[in-house]
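Both complexes shown next keep subunit A, but they swap its partner, so subunit B is in the first and subunit C is in the second.
Take a look at the complex of A and B:
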């Protein structure tokens, strides 16, 4: 029995946790995982596409034959063997000549972001980030007591002129911008990709302002229409941190990601990681190393690509066929997500309980902004569910929206929910839906 | 090629990383892992004692048969199944009636400490801790920009009067003490255990001062002479955080630990964990759950106990037979470590390079203090090496010490190395030797 429900600890908390409150949306999401609900909310890869028997056999051997090392402590930076493979993986994306010595293995891409934040962010520092951006990154920046300045995107990704303007505004306000956090390829949640020309512009603007760049690239290999543009880190080395993960190309349940850092910073990241988790799992690292060394992982990525392309088509067709007039959405060329904009007057957050009641779930747009905006948007995932289920989800969702629209036509609208600045982090869904 | 060696990022770092420098001792430890070196430095369990074939078979099945969940994302708090098992494990130690809802699964005990620090520590806050204490905890508190006030121990563990005095001194200085961090049972590195009577006293003092208690109990099950005293958390629930891990009872390579927290705080810890790592590994959690559910884990702990008891005897006999006069050491009733005090005039940190040259490694005492003290001490591990190898290590070590003593007799001593406050964290060894 855990008895006490009153929070007797409030006056002892660190400043960074004040304002952290449990979200109603989180509570809704626990319902969203029920089998009768079609969830368009998750960010989960379709693990059933993996050759699970072969993976099982591989993992079993790693413990039986190499258990005295794979089940033991390891070093904070991660194993040399995995870091070498990671450099090979990055070279496939166009990042040539990276040194394994400059790679730090992390607990998924999330920990890489956290380590960078710990090494660079003091309370009050500013991080620039696309608006909308990854929920988990907002959580990191909030925990670091940093302020997020969103930079607008269009269908070509981050708008360079908006970046320059935002940087100027931050400088005028006397605050210090430490880095740009960006997901240039198949962005989460927007589903858009920064064009080649803009990549150069963005790098030039950051270099001119002495701004570091944190490039988060979990989806780059999941392209549906030819390859992705070369990463920022492939174009410029100085001042660029490259973060990625095996969660989308192999399996998220092992929690293995990495950061390629400028050499001078790598040791700080390792020390920050040791203070946080001592060392990444030796077993998980061996599993990924063995997977890359002995299994047809490039072919597996093709399987993921084909599967997700088909599902994207299914989602886009369903949206075109079923969504109420006035709804718009992005058309991603890779990745896992479509970003939808609702007809005027609809509020994705307010609508959420009714969607759950109609057995469909999505992530309201507010989760992806630090400033409470985003009520007009929602993120829809297409990687996890089969095509017919995606269509059924859109059917249910459009039903809810039609109902909202008719109610609005009858009773008028009180306008979209007003959100105070800082309220957004509490709306962030849990990791099962990130 | 990683090119740049100059640190161009210095003026961008957060305040918490200033003063973090790479340690010479860390560099030495990379040498200490060579096979010709007898390492008394590590903190590694003797994994070869596990039934690795059976563990391998179990892990293989988890991926092959349940891969769509074990290789997928999970929730931030950890699986309900594992949290229930953890409550069973804790009840074996005397902690009855804990709710799985109040348990947060973490990446080893280290992440549990980090989460508690994130939730409670602002820069300048004070943490009380035994002197000496766990290296990794000092790393956490330094990263949180907290100050550590050490409390003296004797062979009965933490001295209650010293705790009260330290609390008064902190209060007089106008700083705020947030919690006592303590390893009451088979302490790392000191190898001593807080007596029953003192446990009550310590709890009373903390309660009277409104001080939270963070009880770190990784070794409690590794008792050599009857059971361990009941944990602090078994005696008092309010204000006590109980941290433990499967690293010493199963395998550290999976990185699975936990914290049992007061109910009101649990959600903050979960949110802090999500911001740091999104969620703990579903695969590692399933592995531990399955291990606890289907394998003879209580018998395995007995195997560890027997093995370590025999090795402790070997180490203690070797010390008695071979150490130079004036050396003293603790006699642990469980756990992994002996804490040795050198004859007057010897400096464990200064002696380290010569010890490595003589093919023996230990952890100098300075790593276990936040204030640079500890040069007169060293930590010796007895869990990892076989008895005859432990004896050989002590033989080499005593040879180095004898040599140091005769040099001192001939040339006199410049006294022990002086260490400035704050220098200690840089001496901390990497996780492979923690």
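Take a look at the complex of A and C:
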């Protein structure tokens, strides 16, 4: 009479998947897409703003007229035509003179991060990253069995002195830091931007320590107030990998991103990509190429910017009007997210069920740290919902926080919840949550 | 039931257990289809009532977990529509769903259940949390089990071994529901007994023994394959197993349940079973307990569901609907 675990593979799993478990928080997110729930939890662009009829016609023609190539296998590095367009797009951000040869097209920016991890990370290596940082990157680094050392930020982005200190601490512990992963512009989830002056400082520190820089820039074009500071890659070529995507400027459903890599590394990235996915989708690449070549994509980005600026205003003014005293938040000058800090004693993860019962969803701050911290914070998305809906979401959220505050007042600081430690991804929604 | 029976499986809903419900619903729907029954799956949403009116099914399977599926309200609506469903009626469902009410009925019926107190959060603010918690600890003794008075999947539940941990457990519980059930924690073997009635009265299926790898049967342990070992039948002395089965059936009857239920118990070191709660819409996922018991009993999951839906449809026919 032996027991069953309903999983006959338990003792055969690789070490890197340990800790991949179902979580209560993931379960709570399962209702976030129901219309009754105001979701501030997602990271979805407002795709309804696209000229969908025209895009549809374009996609139809790509299959009907060029199907023998667009529906065929492609090459691992991505099509030359798209890589040339990508260089044009990057020059708009200030990255001049990039060669299409040094661009590798990937399945969203996510695969670019995965390739970099495959090429550079051995188990036990250290990756430095802002705290908080993008949950998807944490997942990649965890899968590579690397350790993440978080570097503190303030309203001007990553703090250079904290970077230097963290590097020293890692060196003292006898571990090897391989690269700094950073989202310097309109950071996800914090919504802050690394200032011009700090960009130079950060690059200097990394150069002095021989630390590579992986610059993730999905939001740089979504600026609300003038342009974004020039990317790190526009300032230094050596040792900087630039990762971006068409997910926020066109459509995430196509899953097209890229990495601009130092020449020497590019070939390894291509081979790693071929080993992993053979080649990125030829159809999706053609779609992006055609979109960039024939449709008013720069105007479309303006539409996104205008829409998001209005929604950011709506979210910020709702927060100012409705949030309980003691709540603070960032004021993003672009991108998709506001990072809120809760009044003393509140725990965003413990509060989640109450929020779902009140029909509002957010991402608890713990989803953005590798070390389980972040309970005092939450990420709020403003790109997907209309202004009045955002306000309604904040109204519900503030009611939830008031209830939770009174609960904490009754039970005192001893009422702080102890959480089971799990992967950051267990506290963040899947990509389908809007 | 009509010549080509049509069954509607309701799954999803807005509860914390939406994901579990969708998995339960798909599993039941697949099993019914494999038995040759025409099945539609639907969420409990605004499109449901128009669908019931336009195309009334022969029977409904409520694979919704959480309030919608278990507090009796949806069953009441189905009654209003004259549509038969598998499982107990609205009244019994409401009773079983509210754990303190169910425990009171069980105790009145002589069925052992751990000592408890149920308190809404307002009582703590009015009377002072420290004083109330002290009283609870001195009366019920540590360790304690704290859980929401309504809800499932272990959400919001904590075993409290030190009184210093009690306030945190209360706060965690109140995030899920306004009333907390605090009960004496009984050490022993965790078992779940599924009760099914295929036409000759409620019968207990083999007890399932639950051994979570990390000692805690929380949400992750319930729904991540590999984190819990289940022994079916439970490793109990045959006489104890027979008694556990009797107690489970007695609990099912005491609460006035119908068709199927799952009775969760602890069997203490003396072999005495203590009923913790009774579920009227038990999980049907790959890692759920009732399907494991069905498999161990030699029944076929799809056939069992076909029988249960036929019985539900027959009840409607008998009522002249």
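Just so it is clear, the second predicted complex is superposed on the first by the 413 of 434 C-alpha atoms of A that agree within 3 Å, B and C clash if a C-alpha of one lies under 4 Å from a C-alpha of the other, contacts with A are read in each partner's own complex, and residues count from 1 in each chain.
Assume a residue touches a chain if its C-beta (ideal position, glycine included) is under 8 Å from a C-beta of that chain, and two chains touch if they have at least 3 such contacts.
Computed from a predicted structure; not experimentally measured.
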item	value
First, second, both or neither for A:36, with subunit B first and subunit C second	second
A:226 touches, of subunit B and subunit C: first, second, both or neither?	neither
Partner chain in contact with A:174 - subunit B first, subunit C second, else both or neither	neither
In the superposition, subunit B vs subunit C on subunit A residues touched	B
Subunit B versus subunit C as contact partner of A:354, first or second or both or neither	second
Touching partner for A:61 - first (subunit B), second (subunit C), both, neither	first
Which superposed partner A:238 touches (first subunit B, second subunit C, both, neither)	first
Overlap of the subunit B and subunit C footprints on subunit A, listed as residue numbers	1-7, 9, 22
Complex contacts: residues of subunit A adjacent to subunit C	1-7, 9-10, 21-24, 26-28, 30-31, 34, 36-37, 350-354, 356-357, 359, 404, 406-412, 414-418, 420, 422
Contact set on subunit C toward subunit A in their complex	14-20, 22, 45, 121, 124-125, 129-130, 153, 155-156, 164-165, 167-168, 170-172, 174-176, 209, 211, 218-220, 222-233, 235, 286-287, 292
Subunit B to subunit A touching residues, read off their complex	1-9, 12-17, 20, 22, 42-45, 47-48, 50, 52-53, 55-57, 59-65, 67-76, 97-99, 101-102, 107-108, 110-111, 114, 118-122, 125, 136, 139-140, 142-144, 178, 212, 237-238, 247, 251-255, 262-265, 267-268, 271-272, 274-284, 430-432, 434
